[in-house]
């Protein structure tokens, strides 16, 4: 009964959306903004990756919010899970030697990869978020492989805060010097397609990478703690 | 000149910095929200005279509006910023001693971020950015509802989260459709182009966006999360959720309808929806035995009244609606703060357990009484001029329908009066069981309450303090052409 | 003497009294008396002045105006005098009760708000003061706890209904005329259509009717009057509900104007006639319900409703004599009903809260001053000659008979018969008959209670013998309404169709009394016995076994009880019950299962889309 | 068939959206509801990407400055989706942590049994 009603309701919504979609043909260029970014993006931001220039420069306020949301999720998760009394530490069965050694071997490599992705966000696909996730996956691996090892919470918090603060301070510096706009790209754009280009974009992306990495690590940390 | 962007960035930065402050001293952390909102209040007040002349448009990153994100600090935005800063500041003072359990650092961070999100929503001029700030607001409220971590809190939080997530998905679909149709995300730019598309294809994204935002705004069929969440959260958070969060949701709905879509035909529907929300909220509140649930349902009723006023869409009505919104923020925050310590002292949320509180906590009870009277709309409190304006706007329509509807509104007020007066009676005129030692709320609790009381009385007696700002805010809502022109140029 | 200063003293004084109470109760009490007496003096000084000035522009761009004229003055003096007397009475009544600060605050606040109502010159400030009065009354009615809570709830709910009706009325006037200034509205109301005026009047009269407790809005009054603290009951009954009367007068004679008012509707369906019928019914039914009451304050409360009927009848009838009668009766009622409530309060104070007429009795020797007060009070209430009640009732009867309204006249006269019955029951069951054992050691009432009783008793006789004093003011009011002037003398009214001369009456009654006293003395054969000297069938009856105040009018009760069910109140209670059921039904839509909630959201979207696709409404 | 060909991405995206909604409507288990939420969000993200797609377009990255900007897909939806994904992750993480906590309190995850907060 309930599923029938649900189906009816959903099909009504589907009908409505279909009517609306009728005016949005698929695969046809339709936005002037997108074209503007593709045409002007390189000059205005100095980033070869237009998505990055949109994310970190044109729509950087969204990105600030996005980082904040992740931050909230990490804190919220901590707040929700931390309310329980800490249980007795159970004896943890250590991982096998192969796994342990493999993890220790891979860990720095993954970190390096994450750093690479973060730093090259304005040149190649990727960026702070992706890099941060890769970094966090390194820690996840460490949790799985080297059981009992924990990342210091203080460290996570510090990196998290500093990452966020760097983002904001860069923005405020922009407000102060760069034509009085918050988050304006006040550094020199540099040469396209080189590592040191695109003004503040790499700086922000590194900050984001650190922040996202530490936040996700924090989330993993909390969940691992809960599962123990 | 101060930039409105500071209203968002400074609290955000302070929130990010809280863990670092925490390393210096644990005690310092709880003063940071106070500092942040004191700053915000000062900035917002400084901005008022300027925005009354013309709205300030801030380009983030220096890109011209359709291409970059921009903030629009018009009268509406600054009015809401002031409101958020006032409520945020006072509730932060309240929380100094009220929040005792759990990780205080996390509480203060989430609290700061919640209100930052709210400020962002009211200031932004970009619909996707609005979505992002909206999510900041929502997600931090999910976390804060669950902050105590008891059964009720967790249950309410998960229900709130599920409904909120469905809503934000709808919102995002709507934004995607709008982007597909018009290729822009700037609200002013969208508003400019909205007439170029066929009405039906615009209608679907409008419905989706209204639904998505309406969940936070607690419009009738979408408000099932509200009584649970408001009653289970810590009282300081209930005050913010009731006083700020739903108002901001409502702002978003109104902004989208008035400015982006500019449709007038849906207003009639919203009028009825508002009345329905009002009546259902009041009726549910009437039969509650739990004081916080009662207040939560009363918030639904008040929201219904505001929706009703806004949907009448005359200058007078929108002014009245905004006034009602301000008075609801002041009144309901005060009520939740007062109730917070009463519950804390009596250990139960049942109305019957609050009997005799007039003797145990005379000042808190006084604050509660004044808040209740203000919500009901009795003079000389702030609820009266706002209700007066709404009734006036409805009668100025000179339609039998609106006269009938305003009759229903006032019927709702009678029900509202009935349950609030019942609580007031219980506070003062029923013998409490248990000890009747005088045990007043601490000073940090009383100071914000009595600042609210002062505001309620002062604005109630001298509404002119607000009416100028409210009038220009109303005209900002109603004149979309001016809005578009001020943003796009 | 500026009016805003007066109101500032009234409101500021009430708050300051509260603050003083935190320091010392002596200080508080003397200050409260001082404030209320100051108000009396200030208002006396206002006599005959006509002031109208706006004092505040800040409220939503509407000027708030205060004004005074004869009508306001009459009400204001009644408010301030009765208010100060009841404050004096409270000195001992409230002495050892808890929350006395609160009591004085509310009492003075209510007085101040009432002064604000009668002194306001625009409908907005009228409404604001009206609301302040309503909620502070609610708080004070609830003061006694217990049954008072339900009474307070009933009062405030009905009062809120009235206020909301009034709010619509006020704002509707504002949107129509663009002003709320009473004299400006009065000037422009001739232009409005009768339909509009009728709807406005219905809205306002709902509010006034509820406050004034005319049928069918009387339901809150009996319990509220009975449960309120007695000094406040006397204000409640004497003055506060008469704010409704003030509203009636204001709207009929000042704002709408008599001509327009008389032309609303035709014949039996005319507005005036309906109002008169309501007044008559308000006399008839509550009067006889009062006879049935066993609680002294409830009895007085029902009597209040009945007397309010006379006032409404007089005012709504709309001739110069009847209006004078109505207004005078308002004034008299304030005096004697205030007095009677104070007397009952004094008895209640000494007997520790006993107001049950079946268990009291024989207090005449214990509380002589109270007895004399009660005697004079009921004489006024019944309308015996030489009391003020006689004059006002005479005026009303006279109009009704002269204007040939047999039903209304019958109602008024028949109501007086009922008044005699319950008045006698009241005084007999409290003061006469046998003194129950437990009241043996009852003290006289304290001086602060006697003083108001003496003052009010004196006023009843004074205005009964020299009715010209108030009638002169009332005549001036009538003239200002455009009614023809009465030829008022100090002794009464001269007119062609039957003059009233209280001096003649006085002499006649004096002679009669002397004759009766002489005969009584001369032919004295009866033996005086002590109060507890009872015999039945020759045997002495043990004390407390026989108490003949119980079932006082037993045969009458059996006769009238079936007809006097308060079915209106029953209907309201039922309505409240239905509302409650409806409310608990409605909240079940919040089932608690989150799947349903998601369903609501989807349903909302689907519904909107469906409507749009199907009908293209938007 | 051309219809399917033209709109297959939309159909897929909305298919996921409605599957997600349907799960949320009819399933009682909290974890399943959260899974439905996740599917719903994925569908929304796909839809956003599909809106920005341009036939035979390449990623908007200029790896070589000589290449001209022909037929690049719209970068804006990609940026939006980046944000939306992060938001989705945040909501999901919070939802799961709440589910863990809820299970500690109630011992069940059946939403029909978790009805203490109602009316």
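In order of appearance the chains are A, B, C and D, and numbering begins at 1 in each one.
To be clear about the criterion, a contact is a pair of C-beta atoms (placed from the backbone, for glycine too) under 8 Å apart; a residue touches a chain by one contact, two chains touch by 3 or more.
Just so you know, these numbers come straight off a predicted model, no measurement behind them.
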Next item on the list: Write down the chain pair with more C-beta contact pairs when A-D is set against A-B.
Entry: A-B
Checklist line | Chain nearest the overall Cα centroid | finding: B
Notebook entry, point to check: Between chain A and chain D, what is the separation of their C-alpha centroids in Å?
Noted result: 17
Next item on the list: Can you check how far apart chain A and chain B are, centre to centre, with Cα atoms defining each centre and the answer in Å?
Entry: 30
Checklist line | Distance from the mean Cα position of chain D to that of chain B, given in whole angstrom | finding: 29
Item checked: Centre-to-centre distance between chain C and chain B (centres being mean Cα positions), rounded to whole Å -> 43
Checklist line | chain D, residues touching no fewer than two other chains | finding: 21, 24-26, 33, 51, 76, 80, 83, 87, 90-91, 94, 98, 101, 114, 116-119
Next item on the list: Could you list which residues of chain C touch at least two other chains?
Entry: 587, 590, 594-595, 598-599, 602-603, 605, 609, 612-613
Notebook entry, point to check: Residues of chain A that touch two or more other chains: which are they?
Noted result: 2, 6, 10, 13, 16-17, 19, 21, 24, 31, 33-34, 37, 58-59, 62, 65-66, 69, 72-73, 76-77, 80, 83-84
Note to self: If we count contacts the way the header does, which residues on chain B are in touch with chain A in the complex?
What the structure shows: 3, 5, 9, 12-13, 15-20, 22-23, 58-63, 66-69, 102-103, 106-107, 109-110, 113, 116-117, 120, 124, 126, 128-129, 132-133, 135-136, 139-140, 142-144, 146-149, 154, 157, 173, 177, 179-181, 183-185, 197-198, 200-205, 207
Margin query: If we count contacts the way the header does, which residues on chain C are in touch with chain D in the complex?
Written below: 587-588, 590-595, 598-599, 602
Check: Hey, which residues of chain C end up touching chain B in the complex?
Finding: 58-61, 99, 102, 127-128, 131-132, 134-135, 138-139, 142-143, 145, 148-149, 152-153, 156-157, 160-161, 164-165, 167-168, 171-172, 174-175, 579-580, 582-584, 586-587, 589-590, 594, 596-598, 600-601, 603-605, 608-609, 612-613, 616-618
Checklist line | Of chain B, residues touching chain C in the complex | finding: 158-159, 162-163, 166-167, 170, 199-200, 203-204, 207-208, 211, 214-215, 221-222, 224-225, 227, 263, 265-266, 269, 280, 283-284, 286-288, 297, 373, 376, 378-380, 384-385, 387-389, 391-392, 395-396, 398, 403, 406-407, 410-411, 413-415, 417-418, 421-422, 424-425, 428-431, 461-464, 467
Check: In the complex formed with chain A, which residues of chain C make contact?
Finding: 595, 599, 602-603, 605-606, 609-610, 612-613
